[in-house]
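In structure tokens below, several structures.
Look at the two complexes coming up: chain A is in both, with chain B in one and chain C in the other.
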Partner chain A sequence: MTELTPRPDDLGLTAAAKANVPIENQNAKSFFAQLQGFWVTFTTMFKKVTTVEYPEVKEPMAEGFHGRHQLNRYDDGLEKCIGCELCAWACPADAILVEGESNTEDARYSPGERYGKVYQINYLRCIFCGLCVEACPTRALTMTNEYELADDSRSKLIFEKEDLLAPLRSGALKPPHPMAEGKTHIDYYRGDITDIKND
Partner chain B sequence: MTPEQALLETEVAIEMITVVIDGFEVTVPKGTLVIRAAEKLGIQIPRFCDHPLLKPAGACRQCLVDIEINGRAFPKPQASCTIPVENNMIVKTQLTSTVAEKAQEGIMEFLLINHPLDCAVCDKGGECPLQNQAMSTGRPESRFEGVKRTFEKPISISSQVLLDRERCVLCARCTRFSEEIAGDPFITLNERGALQQVGIYEKDPFESYYSGNTVQICPVGALTGTSYRFRARPFDLVSIDSACEHCASGCAMRTDIRRGKTLRRLAGDDPSVNEEWNCDKGRWAFKYLTNRERVTTPMIRGADGELHETSWPEAIAFAAAGLKDKRAGVLVGGRTTVEDAYGYSKFARVALGTNDIDFRARPHSDEETSFLSRVALNLKTTYKDIDVADQVVLLGFEPEEESPIVFLRIYKQVSKRALPVLSDAPFASRGSEKLGAVLISDLSKIANLTTKSVVIVGERLAETRGAFSSVYELINKSGAKLAWIPRRSGEPGALAAGAIPTLLPGGRPVTDPAARVDVAAAWSVESLPTSQGRSTSEILLALNVKNLDAVVIGGVDPLDISSTALTQLLNSFVVSLEISHSAITAVADVVLPVAAVIEKSGSYLDWQGSPRVFEKAIADSLSRSDVRILSMLADEMGSPINLPTVSATAREIASLGKWDGTPVAFEKSVSEKITELGEKLNLKSWRLLLDLGTLQGGEANLAGTARKASAHISKARAEKIGVKSGELISISSELGSLELPVEICEMADDLIWVPRNSIGSQVIANLGFVNGQVKVIKA
Partner chain C sequence: MGLEEKLPAGFALTTVENLAGYMRKNSLWPATFGLACCAIEMMAFGGGRYDAARFGMEVFRASPRQADLMIVAGRVSNKMAPVLRQIYDQMAAPNWVIAMGACASSGGMFNNYAIVQGVDHIVPVDIYLPGCPPRPEMLMDAILKLHEHIGNEKLGVNREQIIREVEAAALAAKPTHQLNGLLS
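For the complex of A and B:
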């Protein structure tokens, strides 16, 4: 067996540079051939542009785009999230942190017994795979079209529950508040809670 | 007890039986259940009701397998958790028999029909045998389209246990546990068919000290703990094996931490100690850390009389200046780890040059000191001795209240083989009733003690003069086994570490020159103090009359010692090592924050003397163990004790080892003459398991299940005072009084019993003593 020789420090680059290797294929093309190239450039000037003047102009995203998450509400404003942590469990990037808590008579945030007290998504970790949305049993978590997720510090990119909650529609009331008169969490879950008018 | 354990315990040859399971042969002792035999082969048969420590019930039918004996097959699949192995038995589980597989699928389908599948809001989600086995054994698709059974949810079984009835799979684990293990048959299966449900007896609330175990063994999320409800998912938690800090039973525990906070504690599995159980105090009393305000930075008392936060070097320097070359004592408290107690012990001897050190923060006596240092330290009784005892005698010891796992162990034998139990309690508490204990008024009533009998003495025996001496004689005469079971977890360890005026570490008598030389050499010091030191009460007295100038105090509540303990400290320099602000820190000159149990590693000794080692649960905690701080203090004082870490301390303890010289003889005391009572009654008391103890603070759900305080008197006495059961009486001494409702029971007419530290009945604070004569009148 031959002795192994150590690899040179410079990975042999110096030697390669020193070697006098001729550069081939240097013959100039004919003028006509060059013009052909410019022609492509020229015609492009008359094509419809697909880029826009971002950020002044913003294009709508394609359907099903995976953007920033949103925590949805029922029509009367109660939160859909039940703090079950299934989204956190499903997340391959460990980007979600949830802590559940009990609803009480005086402080009800969601129908049923349980709500999400702490809800954070760390957008430094999220890979926008959408597995969390698939895991959510209440359709509380969906993704929006918002993609402008850049900031100048790490902590600003950890979104809290307030940052993620859907805005209140008109007529909806900010929780905590009781469930609609005579309705149970089952009615909410079935979606039988549309004509609520809170004022 | 499984047959394997029986084999070990009795050492009688047990017939072995060979069966074939899924084509593999396995040989097990006769009586082994098929499901266990399969486990031995690594074959897992799905199950819900089966639990190795409970009697077979065959309630859930999930464990169906095909069985054939002598070539004849059972016509239908059989529940493998109820059928013991037999010769020539051939078992086919779901792995090899489609019949078994189909049967199990069918059962699972039935269970799921009535199950709400609300895993998303269920605390068991993620660690649920039903979820797991529905995946492994259930049908992939549901065929059920009807309406599911629903119940109002949840209902409180007690303030700390909630029941979601529709999740229940009717396995009867909870009811069997309560009946067989705890002896509290307060929950039961009611109704029949689809409406069958777990319920409580209307009149008696489920007031068991062991209710948390039902939450732990429920195979679904039907029983949940109020305090943990909706708090976390298993994947949030970091689980650490730990030891319980609440009593000397010594339970193995599991502590579940999420980001620096304990979220729950579960019973660990140690067959030689707590089996798989623990008590509710150990399980739920951990909020004491977040309840009171933690001491986070060192503090010193300024010229203005207020405590001011300061830096470590400054606080240590201040404390060292106040202690150096002063006459100082050390009060350790009963809750330290062995390593910390050793730190205090060495600190007292080396840095303070004194034997004035005592771990007993409770009523104690010289007789007890002698008993502890001469007798208790060398006892070798264990849980195993209880298992095979021919009789158990309880003296100054109420097992259900003061060491719950010892109670479970005794109860196990009582229910299995009617083990006779004697108790010197003044009346039959609920624990005594469950044990069928025969009450004895004095030790002369104890008969038939043999070498297999176990006599258990508690710390309260110190309150009766001469009691330890009589027990000692009794043991010497009969050769019975003796056990000393104090209430607090740190006491056995502190005794072994020499945190007592008569002993150096390892049981070396301070008065024995050879022992002193031994320890002085190991510690590299010239000499050690030679005379026996002061006990807790003597230290306090000496501080009060200025015979001592300073004192170092660990985790001590002055009201556990006496009503005057706190005022006795006022004239001296007090260095307090505490986790939270307390009565002591309020008068201390220096307060040094120390680590709580979850923030440090260490070990306790349980009452058997075996170490219960635990690791640091919160890895990044900055708090330091007592021993580390004492070591810094000793360095500053110029007489180092060289115990920079807990592990270094543990190594030093191990290398020092136990004393092998001749022990000093026990000094007997004569019993007190009973003084004339006149119209007064003799007060008796003990602490209930759940009471106003410092370590139970902040957990209202647990406090909700504490037994209500009431004063117990005899019928004749009640008539004499003119009160009926439930009416208020006033109990008074020269120092104060308290009012409690009366409970009439069978007891001596000249006695009255009240709980020692419960709501409305804090005996030391209210009456000034634990044992004495009180005036009792109708309130």
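For the complex of A and C:
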């Protein structure tokens, strides 16, 4: 083995130790500097805490918050969705699937000609932009403040029509049922059905 | 540990399960895996207002070997996919994955050639979190749901039983091409 360049056995460490460099400057000035630092810590104890207490206290979101969707109903329980698929066309993420179907005299789900038979929103695709809500001509689709949507499988996050429909109000009847007596779909769209409101 | 593998099903094993679950769920250490805008919300979750320290997980580990939770925050490009898998493989055994946001969960609105259509193509995902990006509250909700999941995790023979049941259920499930609409 060839002779390597001799390495200094001491990397200058002992020289530094011999020089006796003081680790900290313990005079009155540094003491007050420390006190000043700890004073910040001390006063923080009396400041108002900004941390949210989320799982225990659930504060409501802002009014225009984009949360989970809701398919609305008229006051008598008929669905507002007419199955026009404009929401699905507007969706930039292709998260909505609608299949329309014609109402019949025996089975009427919405006033007018058509209703949404299949309505699915894939929440793993949805970006909560609200373009579907803007596109909806009958105000059938709106957004709620609900945001606790996390789940453990893909299929659980595809919401069906039953998951999205608004709950029935008191006095409202679950569709299918006929339109109110003497009213047409035009009255429904104009909101002229206040007399059948009973809640 | 090795202890739970030798215990018979019964009181001793469930006690170990409960104890291990309690310890594991209250000491999650997330790996930093911020890829896009969701990472900003993840950082807010670590900050003072939302305060991840309340759940015992304020230290975001930069080294995967010290972490046991991967929060995939953001869209994963095809080029990032092998990196993500390697980070996952480097994490020590009981580890969990949260797919945070629409892009990590399914590709979101980026349905194109560059983005992986959901990180579950690469790693097993425990919790999917929708939102674009999800609020820190939504992330907290996902983490609490994951806590519940970890707390009820089975070990030893019970775990093998669960694995067999899941396998049987998957074999008996309706094939996707027979499902309706978006589920297909």
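Heads up, the rule we're going with is that the second predicted complex is superposed on the first by the 150 of 199 C-alpha atoms of A that agree within 3 Å, B and C clash if a C-alpha of one lies under 4 Å from a C-alpha of the other, contacts with A are read in each partner's own complex, and residues count from 1 in each chain.
Heads up, the rule we're going with is that contacts are C-beta pairs under 8 Å (C-beta built on N, C-alpha and C of every residue); 3 or more make two chains touch, one makes a residue touch a chain.
Source: prediction; values computed, not measured.
Peer 1: Which partner chains sit in contact with A:A62 here, chain B, chain C, both or neither? Use first/second/both/neither.
Peer 2: neither
Peer 1: On chain A, which partner touches more residues: chain B or chain C?
Peer 2: C
Peer 1: Given the touch rule stated above, what does A:Y147 touch, chain B (first), chain C (second), both, or neither?
Peer 2: It touches chain C, and chain B stays clear.
Peer 1: Considering only touches as defined above, state whether A:M45 meets chain B (first), chain C (second), both or neither.
Peer 2: neither
Peer 1: Name the contact category of A:P137: first (chain B only), second (chain C only), both, or neither.
Peer 2: first
Peer 1: Just chain B (first), just chain C (second), both, or neither: which does A:A33 touch?
Peer 2: In the superposed model, A:A33 contacts neither chain B nor chain C.
Peer 1: Quick one: classify A:G83 as touching chain B (first), chain C (second), both or neither.
Peer 2: First partner only, chain B.
Peer 1: Should A:E99 be classified as contacting the first partner (chain B), the second (chain C), both, or neither?
Peer 2: Both partners, chain B and chain C.
Peer 1: Pick out the shared contact residues on chain A: the ones touching chain B in one complex and chain C in the other.
Peer 2: 99
Peer 1: Over in the complex, which chain A residues touch chain C? Could you list them?
Peer 2: Where chain A meets chain C, its residues are 50-52, 54-55, 58, 92-94, 97, 99, 118, 120, 122-129, 147-155, 157-158.
Peer 1: Can you check the complex and tell me which residues of chain C touch chain A?
Peer 2: So the residues of chain C touching chain A come out as 48-51, 54, 102, 105-109, 111, 118, 120, 126-132, 134-135, 137-138, 140-142, 144-145, 149, 180-183.
Peer 1: Name, in rising order, each residue of chain A that touches chain B in their complex.
Peer 2: 82-86, 88-89, 99-102, 112-114, 137-138
Peer 1: In the complex of these two chains, what residues of chain B are touching chain A?
Peer 2: 120-121, 125-126, 153-154, 229-233, 235-236
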